[in-house]
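Heads up: the structure comes next, in structure tokens.
The chains carry the letters A, B and C, assigned in the order they are written, with residues numbered from 1 in each.
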Amino acid sequence: MRTRILGIVALVAVVAATYTALFVVPADLNQGDAQRIFYIHPAAAWVSYLSFGVTAAAGIGWLIKRDLRFDAVALAGAEIGVVFTAFTIWAGMMWARPVWGVFWQWEDPRLATTALLLALYAGYLLFRRLTDDPERRATRAAVVGIVAVLDIPIIHFSVEWWRGLHQTPTIGSPDRIMDPAAPGIFVATLLGMMAAFTLTWLYLIVRRYQLARAELAREERVRLARIASARSAFERAQPTQPAQPGQPTEAAR
Amino acid sequence: MSAVRRDARIAVAIARKDALAELRGRQAIVSTLFFSAVVLLLFGFSLGPDAARLAAAAPGLLWLAIVFSGVLAVGRLHLLETDDDALDQLARYPVSRRAIYAGKALAGFGVMLVIGLLVLAAVGILFAVDVLAAAPALLVTIVLGAIGVAAVGTFYAGVTVRLRAREVMLPLLMLPVLAPLLLGAVKATVAALAGDPFGELGAWLQLIVAFDLVMLVAGAATYGYLLED
Amino acid sequence: MPQTTIYVSPRSLGAPDTRPPAVETDDLARLFAGVPALAGVSLRIDGGRTVALLGPNGAGKTTLLRLVATAIKPSYGRARVDGLDVVRDVEAVRERVAYLSHATGLYDDLTARENLRFAATMLGTPDAHERVERALADVGLGERANDRVGGFSAGMRKRLALGRILLGAPSLVLLDEPYAALDAEGMGVVDALLAAWHGAGVAVVVAAHATDRLEPFLDGRVMLERGLVMAVEGEGVAASPPAPPASQPAPAAKPAPAAQPAHAEVRR
């Protein structure tokens, strides 16, 4: 029930923010309406990074607590994260085309950074599929997720360094809305969009986690049932109690 | 014997064992070197014949060749442990997991250093780049780059060694993580070859050092979990 | 065959009554891909005893050995070696247990001697060089010491793996079908080792299909079938019947979070 409320709130927030970004805020002087995408792009990017953080943190949680629900969170984070990362790239491409005439360019390497992030996510998810045993998979995925997350700030840092050495054209720069001198409406819309995205992300994560946890519970029931049936097969095969010289051990719980 | 000394002894023993096995039979270094030579030749074919263009692209081609060869070479070192389930036995010795990682990373570093130096020489010859003039700076870059590739590669080779699709998963996992190292190493190489006109060589090398440290620590800390089961 | 010298850790000594059981399991269960290989085994093997683990293929003998050897972790239940939990105290258990499995874990490109020397360094064997030579002699591989293991037959590899066990000082030795693939001389080596371990107070658990050759060395037998203990006989071994189907298996122990283990401190 609470999840449903969260979903509705998120939906309302997204609709409101989108409406504001599309119709209320004035168009950019240089880029025209295409610049509006940049209310979405940072929000999607922020949520992509957040997802990976959640995946890595949940991985650490598994390694410490060995509770498979942590792994369910990690999986949810990765799946939702890959969706938002792909969306971020798509939004970036949709912006680049009308403004710069091409879908992709290397001058502003943040597209490449996000593409690397997507590669890290894809690798993580593909890697998960190669192990069947739940505990083993959780451990290996946790380790892979942690190292990948450590790489993200290094990627960011190195790319910013790279960018700093080359003059990027300011007219086409997406940073204009980050300019502190920008009128309040721009900043407010951006922040509103980020909040809306974060709520949506949270809703999706919770839903995906609930699904994964239900699957875990189901698998556990199957395992216990198999053990029980092995034990009853044993009982059926035993006409009498087996002979036991010496005292039996207490079956400790 | 103190803990660190014992760990160091274990690591050296593992690295020696790997080196011995590689020299004896597996010819990992030789076949990987041939592979990098072929890669460089193909680069030449696809980007040439304009000498100026090739010379300009040389730093990138150098490190691409090193990184691609690195995937192969470091992967093979872990393949050693699939001999009769040797990894399982290795995991059950009463030695620290850090020491096992350090040993395999040390062996990987040795291999990568040899590969890196020889590929550098090959690039100098094939693409008419004067590597001798900038030799000290280039050497430092190769050493630091080799550490990074070994640290990351050893970790991911451990991750993938028991997987079904290990041949494709290793590069898939390793290469995105190596992107910042690639960037830094290429930029450092460019700066070194040009005589460091903007004084950025130090900054790029610092980036590589930071990368190496983070990856070594992360690898040593998490490798034990890979040996768990 | 010359007398085999077994090196025994100080902790292996002491009157049998005062020692914790060599192996003790509580409702131990392990599943692979959802299928139970062990479905709840509760048994006890006393210190210093030689016990056979018998049963048809798929009974769970290898799985039980691997769980005790810390090669795999339990799905449910607990196992202890010398009173130490195999999950929580995994490093301490590894110092005490030696395991001969179907796979020998030897490096094909190294010679027999090099393989053992490497193992000696890993195990922290004192006087490593002499110990390696003695181990090679004890298993009858002295003449092949400089040959690469890649050229060895399965029987010779197994003998070398037994030699590796001699480099340690385990208090529990786990053997998975030790006679398989061995010729008469090799089987003689196993016999000598079994006698020597028994004499030195080292507990031995042997998984086998039949006990003919093992009889002279055995204190007890455990019969497994379909992942459960059917029966036990002899001395120094006991088991509880499996829990009823309706009962929940106990959860398995969780590994200690600080994953960096201490290395072997006990010197022999």
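Here is the rule we go by: a residue touches a chain if its C-beta (ideal position, glycine included) is under 8 Å from a C-beta of that chain, and two chains touch if they have at least 3 such contacts.
Just so it is clear, the model here is predicted, and its values are computed rather than measured.
Centrality by Cα centroid goes to chain B. Of the two chain pairs considered here, A-C and A-B, the higher C-beta contact count falls to A-C.
Relative to chain B, the most remote chain by averaged C-alpha coordinates is C. With centres set at the average Cα position, the gap from chain B to chain C is 38 Å. Mean C-alpha positions place chain A and chain C at a centre distance of 45 Å.
The distance from the centre of chain A to the centre of chain B, with each centre set as the mean of the Cα atoms, comes to 30 Å. Within chain A, the positions touching two or more other chains are listed as 63, 133, 135. Multi-chain contact residues of chain C (touching two or more other chains) are listed as 73, 255, 259.
The residues of chain B that reach two or more other chains are 225, 228-229, listed in rising order. On the chain C side of its complex with chain B, the touching residues are 69-73, 91, 94-95, 99, 101, 103-110, 114, 118-119, 121-124, 148, 150, 157, 255, 259-264. Looking at the complex, you find that chain B touches chain A at residues 155, 159, 163-165, 169, 172-173, 175-177, 179-180, 183-184, 187, 198, 200, 203, 207, 210-211, 214-215, 218-219, 222, 225-226, 228-229.
Across the complex, chain B meets chain C through its residues 3, 6-7, 9-10, 13, 17, 20-21, 24-26, 80, 83-86, 88-90, 92-99, 221, 224-225, 228-229.
Those residues of chain C that touch chain A in the complex are listed here as 24, 26-27, 29, 31-36, 39-40, 42-44, 73, 75-76, 78, 225-235, 237-246, 248-250, 254-255, 257, 259. Interface residues of chain A facing chain C in the complex, by the touch rule stated above, are 63-66, 132-133, 135, 219, 222-224, 226-235, 237, 241-253.
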